[in-house]
């Protein structure tokens, strides 16, 4: 690729086949070309350690399918509706659809059963789709996930009962709507980072997740950080980035 | 008072000293006069069961002092600064100032040590002034209060440790700023009404108590209702109204 | 249950059948297991005095039906659509659907005609569904309710006309949309607690109930507290908790 | 002035001293000059029926004084601090300062005692400065005002007691902070236009008057319109405009 | 009615048929009954000078039709959809539907062609439905209206061209969405009251009319007051109230 | 038109057929009529340099078609749906529909390939419709546009790679949703004006484009100004106005 | 600079003094170093065409003074208080302070009297400081400015009177607070770009400039774009960028 | 401690010195006491891995000093003003004050020069205090920090120049005000977690950091999470939690 190009340039220059002027000009513009290569995902994987994903929302099934087909290695599409899956399936018969998480991958996701893990928990049952998106994302990136649903603060015993699993986790993703109190309570019980995911679950003054978002940002427990409302993918990606660091 | 006036009217009418026309006219307008009397607090006590209070904020010390002096029975002024106290003290030497609660009364408040009680709790130490305003208000109205400070959700054990006192309370006032999660957690543990008081404690996206307010309104624990930000008086008044009902 | 478990442990220990080390470990984790029991609703009733309810919104009819079937004693589902009812009816033929209140119960609700009561009032006719949810909730929990619809402040006489019923109530639920002034006016006329329920009735700058919510939080009448927009269930639950206290 | 200019032009044209082309060009641009004259207030009075006023907020005392001195006829400055008055007094010894209303005029305001009137009412005592600004403004413009302070909805009888005065008014200005319910209640009792003035009185979720503003905009009583928060002058000006119409 | 009742009471009392005690009790509660009469609209007309209207939004066609049928004198329903009209038409064959204004009346509206008038103007063509609701409302109440559409500030000449009609009006209703500048400009040109109606016309940061609403509340031209977003009826009602005052 | 009218007036005056008084009166009112001419678009083109456009949103297809047919010269309709096109096509068979940009014109748009240009760029693929509206608008007004899609800041190299094209542009339109960072980064790299267009692309706390809008208004790069959310037309119009200035 | 470095590298490589490996490595990292040079302002001027400025707000006088002294060529500091000037003056005796605009420069600003110009206008007198910052900024960058203060829409004639100056401008900066209607009206009258600057002038629902900001973003006149509240510098900078384009 | 207590109980029980009943009762309440011990920080360290800190804001210097003195091991106070330091210094002479970071510790902080590190970067110079609080917090907890100030996106080269240091970091803290674009750009360049800290730097529509907060929550780069506005401590704490995980 890029290195080859420069090597070739230098060789030509040394061989006197191109002028110093011309090398200079080529080199000035190269670096950007060096970064901006045709095979986008390959570069992203190199730079960021995790592959690029296709955000289906706002894309037609056809657009999503074409991009899905063009990508290499691990391919992953988020916020995918059934229509997206249908279009992708046609071009890539091996594609798998995880409908609750709204994720399509080009290969069955394998769930690790041992090793460092992210605990993914929800306050209620309505938060599960967002949490599942987070959990599956981390699993797709190769990490172990332990799920715990419906452990909200209105029935504290349900949460305290899982203390062991929480305290052994390397990172916790806590999804909650309404008053979004779960991350604060969990944050006060563990030593690992807690990723708070506000969900749009609720009504009235929950304002589509704004209340949960604000509550999480004001958590009195340090060690808690927040992603966008319903952003399960972002939480799972971040958990993967943290787990990746743990392994080194 | 009013009853006397009507009685007198009826007597005059029976005695033929005034016409039916005139009685009719007087009676039509009486009811409003009957309600709107000069001695405001007396009426309020009759109608509402608890005396009217003087809200000092936005009143000059002189204004507050004059009203304080004119009121009868139990007199109580809220949001009182030192200057208000100074002015009131001059006119009413028996006035007592509770500076943390910013309340002035015309007599020392007596703390009941037994019987049904309101538990007043705070998430942190900065919430104490608001909670103290609530606690003292309920005490002024003659009810027993049990105080518990700094039992926020970041250190859950501090709260669980007080479970007995919470579960025996007839009403709980929970004051919290920041993410305002305390009422939700408490609400899930007890059977009595929980009055949530958002405080303006916090910074950044706490927006002067709005986040706590919204979180409390969205509490996943039923049995929780909310008053205005920093409204300790309102919470104490409401707790008194609930305790008053319990006694019957 | 739990007590038995501990007794057994102690017996085994005294009998020398298990080591001190092992008792120690078991005891450390016990309390949380003691709180978190398998039969969730039973525990909730014990702890909170009122049974847990199923919040149907965001649950599929199938999910709601399965949970409904598994619960014991008094079972109640809120925010239930016709589809939820259909699914529940299939599994629990005795289920009853109150469509205006959007509530499903496992037995006909009986309306008490005497004794202490909650007055449930609305500002307009559009507020009735929310008020009905509140009223029915209190009735399901076994309390008497008196309903008064369409007594908003634009025609004050309609409200003043019901003064007697309001002043005899042990708690009042006032539902209003638009400018949400009803609880303030009512609060000024009675001595019992007033639960204000903002409704999403209105248009333009009513912002789906935010204006009513804010107005109620700023009520100049003490004794008023607020629940979330359209949260009839929460208001009814709270009224029941207050009435429960009155009876003791 | 302008008329003279045009007359002169026409004379010159008739006399043949200037061409038709030139008259045409001059006339095209004249009208704007005709409108934009040096003596601003004179024109405003002609066009709008009421004189222009000096808004002191954001102006230095010196700036305010110079403008005050240059204006003719009835001169009025609003939002005036003591410093503004001091500066104006130096240049215009006859100036009068109404400190509560923060208004300076160039002549003592005369209060009419009979005839059509605007009723200016407040919910509480803290709303008086804003109401006083409104009342004085209407009086400065030559109209009769009847003031009624502290007739808020928490003590309805105080308001009902003044029914006669309210129902005889030609326009009512109702100033209220907090939940801003007063205009709705008043609006339901009278047939004249009600001008609602939200005030910044309150704390917490009153948001400096926003809650009162929103409540007033959502008034369930038709016949109510709203001006900006604390805009006493605007309310008084509008009341004057309405009273002016009544007289014709 | 009420007067009769009191007269009867007094007679019975004088005749010794009822005790003074009993009269006293009856009289205390009477006044409220005196206000709250059975025939609601009749009373509204007496008290407010204009009849009550049916707000169809949030009412089923059946509900609206039943109320429509029960009302007497001038009957008017606002925010009426075709379905409401269909249901009303069945019960009241004489009902007339003004679809653009979404108003149903029980008699054809007559448009006055002379006398004092309200000018109703819009910034753009999309504001016409709201303006038409305002105009028709004023006409239904018996007042003359002059309509002027699409005279927004982006093409100032269109507005200036109508100066005469504006300056002769007794009240102006100005409906505008987007930046809502029209009332400010008009307010600067006329002497009569200007009722600003923000409309939900616009997109993006117009926030469904909030921007127009805020702009109108901050109008630099005095004499402007504001009603709720899209509240054409409120504006028309207020204009009628002002015109009614003019005639006296 | 207007000039003729004045000429005629002057002639009559010179001829003595009308009095000086009468000319004076006529002239005073003329200027406004002079500005307000019948042929609206012609005047707009003269005054503003660019023709008026038809904003289809909120107009029925029929309304749009009638206006489209009546306009002369270059005709352009924005926010046009297929139904608008169908109606317009019927009346104006030459009309062309650019569906992605939602624009209809009365003639095929020609794309200039040389000369000064506006660069129109987007952060992602979902921003393209808004950007296309901007680009096409500028092209319709006769200016050259260079498009660059999907050059958002998450993959900086894609943007840096196009540096040359950006730095040669006379004006840049940058459309972005979500965090709206693109204009800030671009603004730091170029010397020409940057028009930032926030788009409603995103979810959760993107609030339909508000976040992008706010971010763009707070750009740390000077030379950036902002138009309304999704306002591609406004950006294209402004770019055209800037390019028009460049050519002089 | 950079080019020399690369040339030297290539020479060394050709001369065999450094390996191909080493050249490759150096070249890969060069481009970033090439962009990030020590002399920041020099680079900024090259890249952006206008020099970097010092934003004093949030900087201590000492910090501002040190940076001011280190910069070369045209130096300009904005949002400068008297204290900043004092500190800068000590290090740079030639510094000039424009207190109303809060700008410090290292040389007296010269006002051009002929040629293309930016018209800078304000709605009221309180908007002048912001407008003056804009005007002076454009003048500092070498462009001609024509100022017009207090031409707001409440007195339209004042604006129409200046039509000529507005229509000849190459760009207009319109600063307004309150309802922010000025840019819409101006935008409808001219053909050049209009830069709208919302100011924080106003009270109540002006929300520190938010209302003006929103109104300007929703301007019904195309050709208008908006900068941050009170951002006079940004408007002046943008006007300069547009004027710079005009000259080519 | 707790374990000892239980051991002792068990021994006494085995020895027959206390009844089974008594052990049972003691054990039931123990767990909470076990969690809620007097020496709070010791427990926090055990449970969370990092010591508790004193949040000085809202505490009097005296309160802060007393708590500071009572704590053991590593003691740290945040948001400390000079007055807090003065009071603490009196009781704990070894206390050290880092004024820019507003942190007080009971021992000089040692800066590690090698090993895994957190990179702490700012967009501008005004963001430094918040970033310094973050950096110092991580250093106090024993981790290495690399600081880079003023690398905002308006001058991209400054950031790209530090690519190496960024790409080697195990976690990055990016503090930015205004449009808050820095974390998005950085997030696109690295593979480690990025903690975004919105700062209250800016004016107008930056709304005290809300704009930056929203922008960061909407970051198009995955791997970015957000803490509260100006929450440097929270970011530093979280970075420490992540670095702690890396080391295992």
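Should a chain be cited, it is by its letter among A, B, C, D, E, F, G and H, assigned in written order, with residues numbered from 1 in that chain.
FYI, contacts are C-beta pairs under 8 Å (C-beta built on N, C-alpha and C of every residue); 3 or more make two chains touch, one makes a residue touch a chain.
Because the structure is a prediction, the values reported are computed rather than measured.
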(request) Would you pick out the chains that touch chain D and also touch chain G? (result) E, F
(request) Could you tell me which chains are in contact with chain B and with chain F alike? (result) A, D, E, H
(request) Superimpose the Cα trace of chain E on the Cα trace of chain F, which carries the same sequence, then give the rotation angle to the nearest 5°. (result) 90
(request) Determine whether chain E and chain G, two copies of the same sequence, contact each other through the same residue numbers or different ones, counting it as same when over half of the numbers at the interface appear on both sides. (result) same
(request) By the contact definition above, name the pair with the higher C-beta contact count: B-D or A-H. (result) A-H
(request) Could you give the separation in Å between the centres of chain B and chain H, each centre being the mean of its C-alpha atoms? (result) 39
(request) State, to the nearest whole Å, the distance from the C-alpha centre of chain C to the C-alpha centre of chain D. (result) 50
(message) If I count partner chains per residue in chain A, which residues reach a count of at least 2?
(response) 32, 155-156, 160, 188-189, 204-206, 210, 213, 217-218, 228-229
(request) Could you please write down every pair of chains that are in touch? (result) A-B, A-C, A-F, A-G, A-H, B-C, B-D, B-E, B-H, C-D, C-E, C-H, D-E, D-F, D-G, E-F, E-G, F-G, F-H, G-H
(request) Using the touch definition up top, name the residues of chain D that touch chain E in the complex. (result) 47-50, 53, 170-171, 188-193, 195, 213, 217-218, 222-229, 233-235, 237-238, 241-242, 244-246, 248
(message) If we count contacts the way the header does, which residues on chain G are in touch with chain H in the complex?
(response) 32-33, 35-37, 40, 43-44, 57-59, 63, 198, 200, 208-210, 213, 228-231
(message) Under the stated contact criterion, what part of chain A meets chain C in this complex?
(response) 125-126, 155-158, 160-161, 163-164, 201, 203-206
(message) Can you tell me which positions in chain B touch chain E when the two form their complex?
(response) 3, 6-7, 10-11, 13-14, 20, 23-24, 27-28, 30-32, 34
(message) Show me the residue ranges of chain A that touch chain B in the complex, using the header's touch definition.
(response) 123-124, 152-156, 160, 178-181, 184-185, 187-189, 202, 204-207, 210-212, 214-221
